[in-house]
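My structure is below; once you've seen it, I'll send some questions.
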Amino acid sequence: MPYDVLLVAIILLPLVGSFFAALMPANARNAEVWLAGTVALCCTGLIFSTYPAVASGEVLVLDVAWLPEFGLNFKLRMDGFAWMFSGLVTVIGFLVVLYARYYMSPKDPVPRFFSLLLAFMGAMLGVVLSGNLIQLVFFWELTSLLSFLLIGYWHHNAAARDGARMALTVTAIGGLCLLVGVLLIGHIVGSYDLDKVLAAGPVIKAHRLYLPVLILILLGAFTKSAQFPFHFWLPNAMAAPTPVSAYLHSATLVKLGVFLLARLWPAMAGTDAWFLIVVSVGVSTLLLGAYLAIFQQDLKGLLAYSTISHLGLITLLLGLGSPLAAVAAVFHIMNHATFKASLFMAAGIMDHETGTRDIRRLSGLYRFMPVTATLAMVAAAAMAGVPLLNGFLSKEMFFAETVENHVGTILDHALPYGATLAGVFSVAYSLRFIHGSFFGPPPTDLPRVPHEPPHWMRFPIELLVLACLIVGIIPGLTVAPFLDTAVRAILGPSTPVFNLAVWHGFTLPLLMSVIALVGGVVLYFILQGYLAKGIDGPPFSYLVKDRRFFDEIMVALSWRLARSLENVLGTQRLQPQLRLLVGTALVAAAIPLLQQGMGVWRPSRSAIDPVLAIVWGVGIACALGAAYQAKYHRLAALIMMGGAGLVTCITFVWLSAPDLALTQLLVEIVTTVLLLLGLRWLPKRLQGVDPDAREGSISPRRLRDFITAVMAGGGVALLAYAVMTRPSVDSIKQYFIDNAYTKGGGTNIVNVILVDFRGFDTFGEITVLGVVALTVYALLRRFRPAADSIEIPEQQRTQNRYDEAHPNRELGSTIAESLMVPSVIMRLLFPVIIVFAVFLLLRGHDQPGGGFVAGLTMAIAFILQYIGGGTRWVEARLRILPVRWIGLGLLIAGATGAAAWFFARPFLTSYAGYLDVPVIGKVPVASALAFDLGVFALVVGATVLILIALAHQSIRTHRAARAADADTVSSAKEAV
Amino acid sequence: MELIIAIGIGTLTGSGVWLLLRPRTFQVIIGLSLISYAVNLFIFGMGRLRTGAPPILHNEVVDATARYVDPVPQALVLTAIVIGFAMTALFLVVLLASRGLTGTDHVDGREPRR
Amino acid sequence: MMAAANLPPWAALLAALFLFVGALLSLIGSVGLLRFKTFYERVHAPTLGTTLGAGCILIASMIYFSVNETRWVIHELLITVFLTVTTPVSLMLLVRAADYRDHLEGQDVRQDAAGEKDASSSAG
Amino acid sequence: MTPALKRVFPFPLLSVALFVMWLLLNQSVSPGHLVLGALAGLLAPLALKLLEPAPARIRHPLAIVRLGLRVLPDIIRSNIAVATIIIGLGRRNRRAGFVDIPLELTNANGLAVLACIITATPGTIWVNYNGVTGTLTIHVLDLVEEQEWIDMIKRRYEALLLEIFA
Amino acid sequence: MSMLILSLTILFAQLCLSIAMACSVVRLMRGPRAQDRVLGLDALYVNGTLLLLTFGIRSGTTLYFEAALVITVLGFVSTAAMAKFLMRGEVIE
Amino acid sequence: MNAISEHLVIAPIVVPLFAAAALLLFDERARVPRVTISLLSAFGTTAIAIMLLLRADAIPVGPGGAVAQVYPLGNWPAPFGIVLVLDRLSALMLVLTGVLACASLVFSLARWDRAGPYFHALFQLLLMGLNGAFLTGDLFNLFVFFELLLAASYGLLLHGTGLTRVRAGLQYIAVNLAASSLFLIGVSLIYGVTGTLNMADLAQRIPAIPDDNRMLLEAGAAILGIAFLVKAGMWPLGFWLPTAYAAATPPVASVFTIMTKVGIYVVLRLSLLLFGADAGASAHFGATWLLYGGIMTIVFGLIGVLAAQDTSRMIGFALLVSSGTLLAAVGFGARPVVGGALYYLVSSTLAIGAFFLLTELVERGRTAGADMLAVTMEAFGDGAEEVSEEEEEIGTATPATLAVLGLSFLACALLIAGLPPLSGFIAKFSLLTAMLNPANLANAGGSATAVSTWVLLVVIVLSGLATIIALTRAGMRTFWSPIERTVPRVRAIELLPVAALLLFCLTITVQAGPVMRFMQDTARSLELAHDGPRGILPPVERPAPPSTEAQP
């Protein structure tokens, strides 16, 4: 198999496997295991098959362009280090799969488990094999996500949920830091390619952004590897099923942080900052983790803190910056993976067989499960650094490195003591793990009767423990070449010669080991009394409950702070929003004016016309009056608005815009009727009772609004004046004037623009009208009036009472009398207005008028009948289907536009010509007229629909009110 | 003349904005209407003002000497009027629906807390 | 401003006369609207403008355009007709409305002459 | 009028009026507009027919002209009268008031014409018509003698209207 | 000369009509009752129409005629609607 | 103008229009024909949009810009008549609109289209408005289409009515009406100073504007910009957005996702076209404001994402984040950033659109008030620490529906938060790397980076984090809730659109290379969009000589 295919296969196999695992039925436990196991084994095989090449120093590469624009290639890159790591991932992955077969309950939904596990394996391999830093981050984030899902596998369990979320939050923060760090590396190096980045070490270290990059990358690594102060998520992740813990939290996921440190070691390590930060974090984690591990009552908790401690150890080693330390780090990565995975599995077996992981309740299990106990003891001994086991070797190398002098600071000098102390702690907790659970009197009151697990469940542990032993006894023959291959990939030519041997003679490190062993045993027996009291955690630990602390910070930041900030920075009320809108627009417009000078003050281009001035005096009075009255005197405001509208309309006439005047006027009329129709549904408001005024203060809000209004008015006036007093610019208008008749076939230039030059605008505009009409109709169909406006208006009630009180009158005769004459006239006007509408429609192209004006006129003709005769009366006689009018109007206008296609012209291309009709003579024929007809139909339909839909509410609610009355009457009768 | 129109536009805008910022829906709709008058006049003014020069051709020939007012803003205003009308209608119905469903005519659909 | 300046004097003067009378009448009507004390009196005032006032101005317009364009320009007649037909509608309705509203507030309208109170005029 | 013609021209006067209106609106008597005007006169009344207006049978179309000639000077006279009142030249002790007038006219169209006349004439305004009692109430700006108004309205206008709309 | 007189008369007439509009708007603002305001608006419309007619004479074009016609034919609709609203509390029943 | 294909440009506007008109002629009860028309139109429009995209992509980017086709409506030449302009950007937006619309429409067929009358007609008209806004090359015509799409959106937002919708609708409409007034003032001011409405013509005239008119032009552009930014939801103009979108029915909210993008589209197009590097004294006008406004929008959005109590509102805020990111990217201005932003636009629009659909399906099985409860439980603890020993450590099987919903939720969350493996990550990465290396990664060489870039970078990263936290919270309380929930009844046509949208995201992830190449070409063509031989304006001297040639 060519290497590139092989590399892809290594990544793809688990991912594809994950997909198929997800599809299996919920109880297909064995099938899942077969699938997952096969995948893991295949991957292992593939990885091992590359060993000869890798061992010879070759770097296998697959490079596929993915996002070449931004330097992101899909690049897989297998060197010695990646080989070692990927091997670890797949081998332990296989063992965990096997173990999980027996660990998971038949009732557990295994497809999800194995699917996630395989996906995780794929993501891990993706990180490890990444040859592009962005791709590395890509898979890195994926591992965070999948670990979240795996920790939360038993999501009905609150601890699992919280642990998962905490893990995700912490590692996601780290992941984002890493992303930024990597982006900065790209910025510095000019590439995200790992090879290029590793080669650019000196450039990076010399760059002014080195420190930020370093900190960001380290944040990514430390959060992932649970380094102090980000260690707290790992113990909380122990709510995951044990196979997950064994896999993620010993061998793989948490190793990614140190993997990254090692991977970027050539590019980043070796500076003072690196040493200071990495070593101090490493040593704190090492000590803190080990110390806290002693006091855990949960087997898995103990292992979690121990893992933290060991990761601290590896971090520390990588921080030292010496090649030998790097060798030790890589070696310990392997060793820790083997013994910690086996210990997790052992803890899981105990949990599985006894129903608890609480060291306080476990005791004397050796009698029930001697084989497991023996295996666990060997693994724990490896963890404690007992000679002849692999842990001893790497720990000795570690001790030796701490003794070396690196940069000569206090920290450097203090390291041996710290290391020894950590050794003492680790012996103590290892002893506690073994002694607390396997020795002592037989356990009482366990949920289950303990016994040995099935053999195949123990098999992974046996294999791993065997590895511990072999490596521990004959390292040079077994692990040395692999280690060398891995380390060479990191250190390259500077790889030191190292000698893996059990016995180096009586050295300082050996002394440290002895002190650690003896001290650890002593410490354990001193602490036994305290531990037996059953307190979870070290003395005074109740003061700092990291999980609670984390939760509270999260809630405070992400919820309480966010909510109060949202209220400060935003609002859900309309008034402030509008105020901001107006204010922002004011500021936006003011900035260029203020920056470049106003240039506004020029004399008017024409003299002040006293008549127009008086007319505008009227208009201004109306505008101000409307603003003043709109709250308490709605009708008055409406009337004044009408006045302002009239003045606007007169202005249009004055300033040569007859079409505008016509349209404005008609719209004015329809709007007035519309608002009047709405007025009936608004609440009564009496002057003096102001629901919006706050007691005893002239509202500063009103003052602010007043200033805003004045500024907005002034601003708009200023802009208008500035433009109007400037000479006109070279405008597109001349084209319209020149071509309106010759090419547009009409003399009314405005109308020709509307239906021809810019007919598309009109097309859109009528569609808007149609849409609004439909919306209004839809909304009103479900209209529900407020309780206090359901009643028939007071006037009508009085008049009805009057009619009922007089014997010779019947209900409604008052209104009939009042409307008798007006309705006769209104009816008579119906055909007149229709003819008028047709007139306006037909002449539009040449004179003021047009489809819209005609349509409104027609609509008013209808409305007038409704006003005069009432809804029922009209609808008994006229059947108007306004929605059809709208649809028809759209169709006509659209079809007129589309007709041009048949003449191979663009949409809306017009045709204007003359038709010779006998007797009558030449008749102008313009497609624009057909278009205007569409406009007309639509406007009629829309306007009538809106008005009538609103008018119908009255009779609907009258009906309802009457029905309610009848109900009360009948119920009263029943009561009697 | 420009001055009068500018002051008129300003007053309409100012009154409209004042109403726009008021708490009652009816005030807002009147405000929007006043603003739309102002905007229409503003657009219209952008073609510069001219008396007695309506954009209607005489005798069906373009008289090069005749100076017509700029027809483009007029066409724009016509479109704006129509759309403004539609929107006023819509806003009215929505405010009525809001009044019906919430029982109040406050713009936020609830009476302000005291 | 005047687009055509070739009106014969008689026409110009006649048009001016009608215009003068019409505008004055309309103004007087509106002054009346302002001066009268009660609604029922005020309601009479605008009719000055809608009848003779408008009529005179329309006649002036007809004279002006007919002479100016040397053809009958009499479409102003339409305005006259429509004014006569439509003004009464709103006035009648308005009077009826005032009648009811007074009634509602307990004022006996038929005897009432003065002393209208400014009650809240907003309805709805 | 034959029933067929009646169906085509339900309101002949209206048809004529609309035809004239069309020509006036277009300021043209070109053949095209004559046709269109005829169409308007033909079709638009059908819209009115849908509304089922009160039947209006006009007996004496010429009486309409007479009525117009009678109303016109009245309006001019009233204009002057009201104008004098407004500028303060009227009598000091002017009294405004309501006048009830018993009417014989019951046709809705006739009443409508009367209403227009009364309201259009400055100084008088139509207030109410009680359909049960047949009483018309008007408001008069300068009420000298109630009976004088009653007589004038009945004699000058109602009589003619009764003649037109029997 | 006669044209000058006519011009001056037109100006006078326009001033009269615009002052008439101002009077109407004073009534419209002052009320005191809603019917007075509506009446004011009605008068404002009429005066506005007449002003447009004089403007037509002043500019010598009949193009503004339609605007005036529309006010007379349809302008009463809004005042009528207002009156009906005052009378019945509803425009369309 | 002979081939039918030439007229294809206008089809995205006309097809929905005719569909809407036809829908109005059918009775409300005739469901089958109405649904058929609606679907045919939506899918047909989308297919046409894809064809147009291919056509636009075939035009090489050169000094003359890269306008694929100019369609003169009414056969009037630019700048006098209105023209439609097809280029990469407009085609891209058309396709995006179409895809989102198809998904929402199909989704709505399960139940929502019957929540009120005229859903399909309004939907088609919204499509018409959107497509028109994307295609038009005329500033005032843009206003018309804006109003059209707004009007339809008002109708659709209020579809189904009810208290929340009406209350939100009132705000939405009031704000947008005020903004429309600003639009008009801005457009007319620009016309008053430049004498043209055609965008390309404007771009040509702006450099030559005399200095004593320039401030008016800029004031007009600023006012116009405010109107667009209201639509885009920029802080402090976008507070209405989360409320309105949360209130809308899910398919409507989903299709609304594209509406914020209309504002951004216009800002992008106009700021590069009118105020690009060649705009003389007005070059880069407003860019700084966009940058800072965008940053503030992201900040506000991320705060809102955290503070939101229900998922739809949260998505609304995520939409603000997306808007802010895009605005800031537009303000940033560099071509690779714009290219990255376009990719981000597509990815985030599809993701948020899918999420709006999904949320309703997910929430269907939940009891009201569960959201609030979950938050308070998290905040004040629910005694979960005392996990009982005996608690059975055995999982519960997830029903298939829930599993699919959960997976989709996860996918949406990843997309929005910008986490791998979907396009969200690619988008965010592209933006960030382009920001850091605005010239080119290869010769970045540690060039100096402005403070605003760092701020933007931090804010974008933080927004991702906030999204992760908030969506984890939302997802956990939805899918991992200890509160008993019924499995929602979900129909296949409801899941299908969500899946399709997510699949689309997956496709652009895998095909990131070619897609990004297209985006970069788009960005480049926007920069080069000056009038040239293939440009929008005819190569004639202005003013055009009056031609006596008769119109056909």
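Read from first to last, the chains carry the letters A, B, C, D, E and F; within each, the first residue is number 1.
Note that in this section contacts are C-beta pairs under 8 Å (C-beta built on N, C-alpha and C of every residue); 3 or more make two chains touch, one makes a residue touch a chain.
Note that the structure is predicted; figures quoted are calculated from it, not measured.
**Student:** Suppose you hop from chain B to any chain it touches, then on again the same way; how many hops at least until you reach chain F?
**Tutor:** 1
**Student:** Need the central chain here, defined by C-alpha centroid distance to the all-chain C-alpha centroid.
**Tutor:** So the chain nearest the centre of the shown protein is F.
**Student:** Just how far, in Å, is the C-alpha centre of chain B from the one of chain A?
**Tutor:** From the centre of chain A to the centre of chain B is 40 Å.
**Student:** Would you mind pulling out the distance in Å between where the CA atoms of chain D average out and where those of chain F do?
**Tutor:** Inter-chain centre distance comes to 63 Å.
**Student:** Would you mind pulling out the distance in Å between where the CA atoms of chain A average out and where those of chain F do?
**Tutor:** 15
**Student:** Report, in whole Å, the distance between the mean C-alpha point of chain B and the mean C-alpha point of chain C.
**Tutor:** Roughly 28 Å, centre to centre.
**Student:** For chain D, which residues are shared contacts with two or more other chains?
**Tutor:** As it turns out, chain D has residues touching two or more other chains at 21, 25, 27, 115-116, 126, 128.
**Student:** List, in ascending order, every residue of chain E touching at least 2 other chains.
**Tutor:** Residues 14, 17, 19, 21, 31, 34, 37-38, 40, 59-63, 69, 73, 75, 80, 84-87, 89.
**Student:** What parts of chain A, by residue number, touch at least two of the other chains?
**Tutor:** In chain A, the residues touching two or more other chains are 572, 574, 578, 582, 633-636, 638, 647, 654, 658, 679-682, 685, 716, 719, 723, 728, 731-733, 736, 738, 742, 757-758, 761, 765, 768, 771-772, 775, 779, 782, 794-795, 799, 818, 821-822, 825, 828-829, 832, 836, 847-848.
**Student:** Could you list, by residue number, the parts of chain A that touch chain E in their complex?
**Tutor:** Per the touch definition, chain A meets chain E at residues 610-611, 614-615, 617-618, 621-622, 625, 633, 635-636, 638-640, 642-643, 646-647, 649-650, 653-654, 658, 661-662, 665-666, 668-669, 672-673, 676-677, 679-680, 792-796, 799, 815, 818, 822, 829, 832-833, 836, 840, 847-849, 857, 860, 863-864, 866-867, 870-871, 947, 951, 954-955, 958.
**Student:** Write out the stretch or stretches of chain E touching chain B in their complex.
**Tutor:** Answer in residue numbers: 59-61, 63.
**Student:** Can you tell me which positions in chain C touch chain E when the two form their complex?
**Tutor:** 1-5, 7-10, 12-13, 15-17, 19-20, 22-24, 26-27, 29-31, 33-34, 39, 42-43, 45-46, 49-50, 53-54, 57-58, 60-61, 64-65, 68, 73, 75-76, 78-79, 82-83, 86-87, 89-91, 93-94, 96-98, 100-101, 116-119, 121-124
**Student:** Okay, in this complex, where on chain A does chain D touch?
**Tutor:** The touching residues are 808-809, 813, 816-818, 820-821, 824-825, 827-828, 830-832, 834-836, 838-839, 842-843, 865, 869, 877-878, 917, 919-921, 923.
**Student:** For the complex, which residues does chain A have touching chain C?
**Tutor:** The touching residues are 632-636, 679-682, 684-687, 794-795, 798-799, 818-819, 821-822, 825-826, 828-829.
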